[in-house]
Amino acid sequence: MSDEIQQHVDKAYAYAKTFCDEGHVADYIPALAEVDPLKFGMAVALPNGDYCCAGDGDEAFSIQSVSKVFTLALALKCLDDTIWDAVGREPSGSSFNSIVQLETECGKPRNPLINAGAIATTDRLINGGSAEDVVAQILTFMQQRAADPTVYIDDRVATSEAGSGARNRSLAHFMSAFGNLKHPVETSLSAYFCQCALAMSCRQLARAGLFLAFGGKDPVSGERVISAEHCRQINAVMLACGHYDNSGEFAFRVGMPGKSGVGGGILTIAPGRGAIAVWSPGLNQAGTSFVGSIALEHFTRAIGWSIFE
Amino acid sequence: MSDEIQQHVDKAYAYAKTFCDEGHVADYIPALAEVDPLKFGMAVALPNGDYCCAGDGDEAFSIQSVSKVFTLALALKCLDDTIWDAVGREPSGSSFNSIVQLETECGKPRNPLINAGAIATTDRLINGGSAEDVVAQILTFMQQRAADPTVYIDDRVATSEAGSGARNRSLAHFMSAFGNLKHPVETSLSAYFCQCALAMSCRQLARAGLFLAFGGKDPVSGERVISAEHCRQINAVMLACGHYDNSGEFAFRVGMPGKSGVGGGILTIAPGRGAIAVWSPGLNQAGTSFVGSIALEHFTRAIGWSIFE
Amino acid sequence: MSDEIQQHVDKAYAYAKTFCDEGHVADYIPALAEVDPLKFGMAVALPNGDYCCAGDGDEAFSIQSVSKVFTLALALKCLDDTIWDAVGREPSGSSFNSIVQLETECGKPRNPLINAGAIATTDRLINGGSAEDVVAQILTFMQQRAADPTVYIDDRVATSEAGSGARNRSLAHFMSAFGNLKHPVETSLSAYFCQCALAMSCRQLARAGLFLAFGGKDPVSGERVISAEHCRQINAVMLACGHYDNSGEFAFRVGMPGKSGVGGGILTIAPGRGAIAVWSPGLNQAGTSFVGSIALEHFTRAIGWSIFE
Amino acid sequence: MSDEIQQHVDKAYAYAKTFCDEGHVADYIPALAEVDPLKFGMAVALPNGDYCCAGDGDEAFSIQSVSKVFTLALALKCLDDTIWDAVGREPSGSSFNSIVQLETECGKPRNPLINAGAIATTDRLINGGSAEDVVAQILTFMQQRAADPTVYIDDRVATSEAGSGARNRSLAHFMSAFGNLKHPVETSLSAYFCQCALAMSCRQLARAGLFLAFGGKDPVSGERVISAEHCRQINAVMLACGHYDNSGEFAFRVGMPGKSGVGGGILTIAPGRGAIAVWSPGLNQAGTSFVGSIALEHFTRAIGWSIFE
């Protein structure tokens, strides 16, 4: 089984690799703009503990918004349904940092996978504690999920992020004006910027997402991470909202729940089968990895893992 | 197997029935406003030809926007990918008849499951022929899919629809101003109004949707209706866009591709398992059947048919 | 006095003439696209009956949206304040044919000087009669105001307008969906299209607007046309809303109430002094005559007729 | 002359006074919420140095957004046309603190009389200096214009404003994200909050605005404050944009350039005649003084100072 999957990974990798000079590396965070645009990695984590990797699958990159999925998982685990007071679960139909809907919808973000929504989710997770506590909690959660204590937060990226975070500050103050942040703006933002700066490899990221493919239970360790219902809910939100105004396109092409980050990473969940992570820094217009999307589309079609058949 | 499913249907029906006096019957089309608000039916169509029904599952109702799914299937079958020149595949984040995005996006509707998108899809399906031809084609397609020649178009509803269709006319003229209708507005609209007026029972509707749960092939007759890829695509579009600005909520609660209509019907696809149709005229704020949603949520949780686990 | 004004007209004309190859002639109405882009006329009508003209000031052109001012005047005269039930009096901040605000504001146009607002105003003016009656009423009003029975409606332009009026049809049906048209859409539109097709020279147009510069009373004939209060109101609406999303710029540069049309005409009111009409078909991005604006800005600065000093 | 004007002031005051219990005092800034809602003052400043006052015309109140007019005057005086790189001059059609247009228009506010626009204007006025310098410059300017050194900045209000300024912070960070603030957000905001906290009486405010009614020259002292062209421009911007999404209504009813503040003050300019200030804390839905508007409408009609006749 793993052999067959490895072959599909190799083929998808080889096919997508030919597009590696297209797409544009994100340049609004200085530390991200320095990444080699030709990097390209892929990894599939399987329930028996096996991995199928290709290319730069073991090189750490900045997972950026992919972290929003794990913050949501932690928030559901810790706060249960009350998190939905802070954030909705509808596609926004807008770009990742749009502020328009916040004005017409009283400061409540459409979903937890856009910037405003992840800031509000992080804010709730702080829950009266310190930003440092939450960052430590998120880091520990990621190391456990990846079964690898070397997962780390890249302070240089976090600092770069905080230094160029005017748009996120605007979103945070806007929500604060409507009473939808429970902590000082800079407290919530500092925790948010740190989680975006998580550095992981495709292998680690795929492993970390594996519990979402198995009803909230880590199939390797046997540990229940979140309830089966929360797991279904997260996958549903990822499917509908995981790629900003490109979410429909991803569902249409790849046919699985996924979440992209401007660092060029994408995590994709194949329920009952495994988790797939790809990384390539060049982005399409919607901020999703250009080569990564192609690799995922090729892989999922060939192997038949779409949730829609 | 069928027995167990029948039990789940009965339980979901009994539970949801208690909410039958909530929700509001659509009143903007006079002929719909006359329907008994306490009607409630449910039917599951299974690949072996069996059905599990409850309540008013054999009473015909106006399927309204549920027809958009079948028009899309016909359009993909007849026109393949060229249909995506006329219409996108992203959630709109807006209500069913919103015109705002049409202005900022040059007359191209966000997806084929909102009114503007279905009008554009129907327009393309006419393909130089007459509105009557297309209506006949759609009706035949529905009768074949439902394996029942008694499926019909309710002329009274179609006339009522045409007479109160100012908002749809506005959408059509707006697209026409951008060159995104290929036929005279009233031609495309007359075909659109007729398809909305299709009258079917839950049993017929579930049977008609069965091919979408089995890769585009009718599991009872063995006939290939559309390609497996088109089938996956339709399900993806339904999941992301099937309920206007309530699409995320439906994915979150029910966890399957679905399409609602203001007549109170909902068609839901359980890939590899079956198709489910519910009907109850009272709607929630987003225009989806209130009781129908509850029944589907209860049924899918109990039976474990979510595509997200 | 007239001599000095004539000198200012001549200078403004000569200065603006040098820009005559800039700007773009409106091409969305076929009959307008044929006009010679180098045409340029100017006329000032004075209370003593004198005129100061330059260039093509005696050649008839399609006044298009400039007619909206006269329709508003007729509506206030005939219907008084009840017209404000149909239409607001705030700047829209949007382009001439935008539909976005109609959706968020329940089908009530922002003001009577954008297309939707003029359609609603015309609809009210019909007042249960026929479109032909209203067109005749408007034509008679214009001939009287221009003191010239040769003012006419260019049927070729009206027909061209009706044939390419998809966007206006969309606006009309949208308002109709909210109950904000009192007559069938095509009835109101046919009257609207005809008034847009009024053909007048700068001399006739300036003369026709003279009553708005003298408190609603024609200073030449002595006839009271509308009340002083209605006159002030019309000038205020022109100042705030007369040029779509370019209204602020016109107030800033020209400093007088004015109304532009896509035919390239602009009528400007200098309270207590006179009325000025310019015509040059090339438009700026907001649909206002490029050369006409320059001429008006030059003229008003030189002669000191701004209402803001 | 002054006697006749005094009679008109007295009549307008008496008439408007009867509405003093309507309107709502702004409560989003704590220090403003404490003001006695029944306060009502009025003052007209005349070119000969005379004043016509009524009611609480000598009691200082927080002029809030009325200060935006004077900041614009200073900006034009110091920076001339370069200020228009930072801010437009079109009506926004939106409320005072809307952020929607900033997103679609790349961080450039529609005009200098909405919050975002005044923040950008203040930012430019700092011009590399300190916030304190600019605040001192504005205060000196206001004392000179009011011919009264007792004009002051109410530190308690400024502090209250800064403490509840989440929405303004959001606007500032948003503009900063687009590079449209030249100084740190808190620097620009601190100067902005201080100018909003200027405390002046109606008498002082009317006197301060007098130069705008006389071509930029103080008619009492003879001092040229700004150029005649800048003066016309400011009046045009006030007319088109002075009252957010109520600007058209104010022009329609009052017929003069004006600027309102949420403290309940309104400054109105009667070119060639004088300046009028009213103050009453209860606001209408658009944030303009309810009683103040009524007083101005009554006064201007009775005395015939509309610029539109």
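The first chain written gets the first letter, and so on, giving A, B, C and D; residue counts start at 1 in each chain.
Keep this in mind: contacts are C-beta pairs under 8 Å (C-beta built on N, C-alpha and C of every residue); 3 or more make two chains touch, one makes a residue touch a chain.
The structure displayed is predicted, hence computed values, not measured ones.
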- Over half of the interface residue numbers used by both chain A and chain D, so same, or under half, so different? same
- Message: Quick check for you: after a Cα superposition of chain B on chain D, what is the rotation angle, between 0 and 180°, in steps of 5?
- Response: 180
- Let me have the rounded angstrom distance from the C-alpha centre of chain A over to the C-alpha centre of chain C, please. 55
- Note on the structure: Taking each chain's centre as the mean of its CA atoms, chain A sits from chain D at a distance in Å of 47
- Where chain A and chain B are represented by their mean Cα positions, the distance between them in whole Å: 32
- Item | Residue list for chain C, restricted to those that touch at least two other chains | none
- Can you list the residues on chain D that touch chain C in the complex? 88-94, 101, 110-111, 215, 228-229, 231-233, 235-237, 239-241, 245-249, 251-252, 255, 257, 271-272, 301, 306-309
- Query: Across the complex, what residues on chain C touch chain B?
  - Reply: 98-100, 102-104, 166-167, 169-174, 176-177, 185
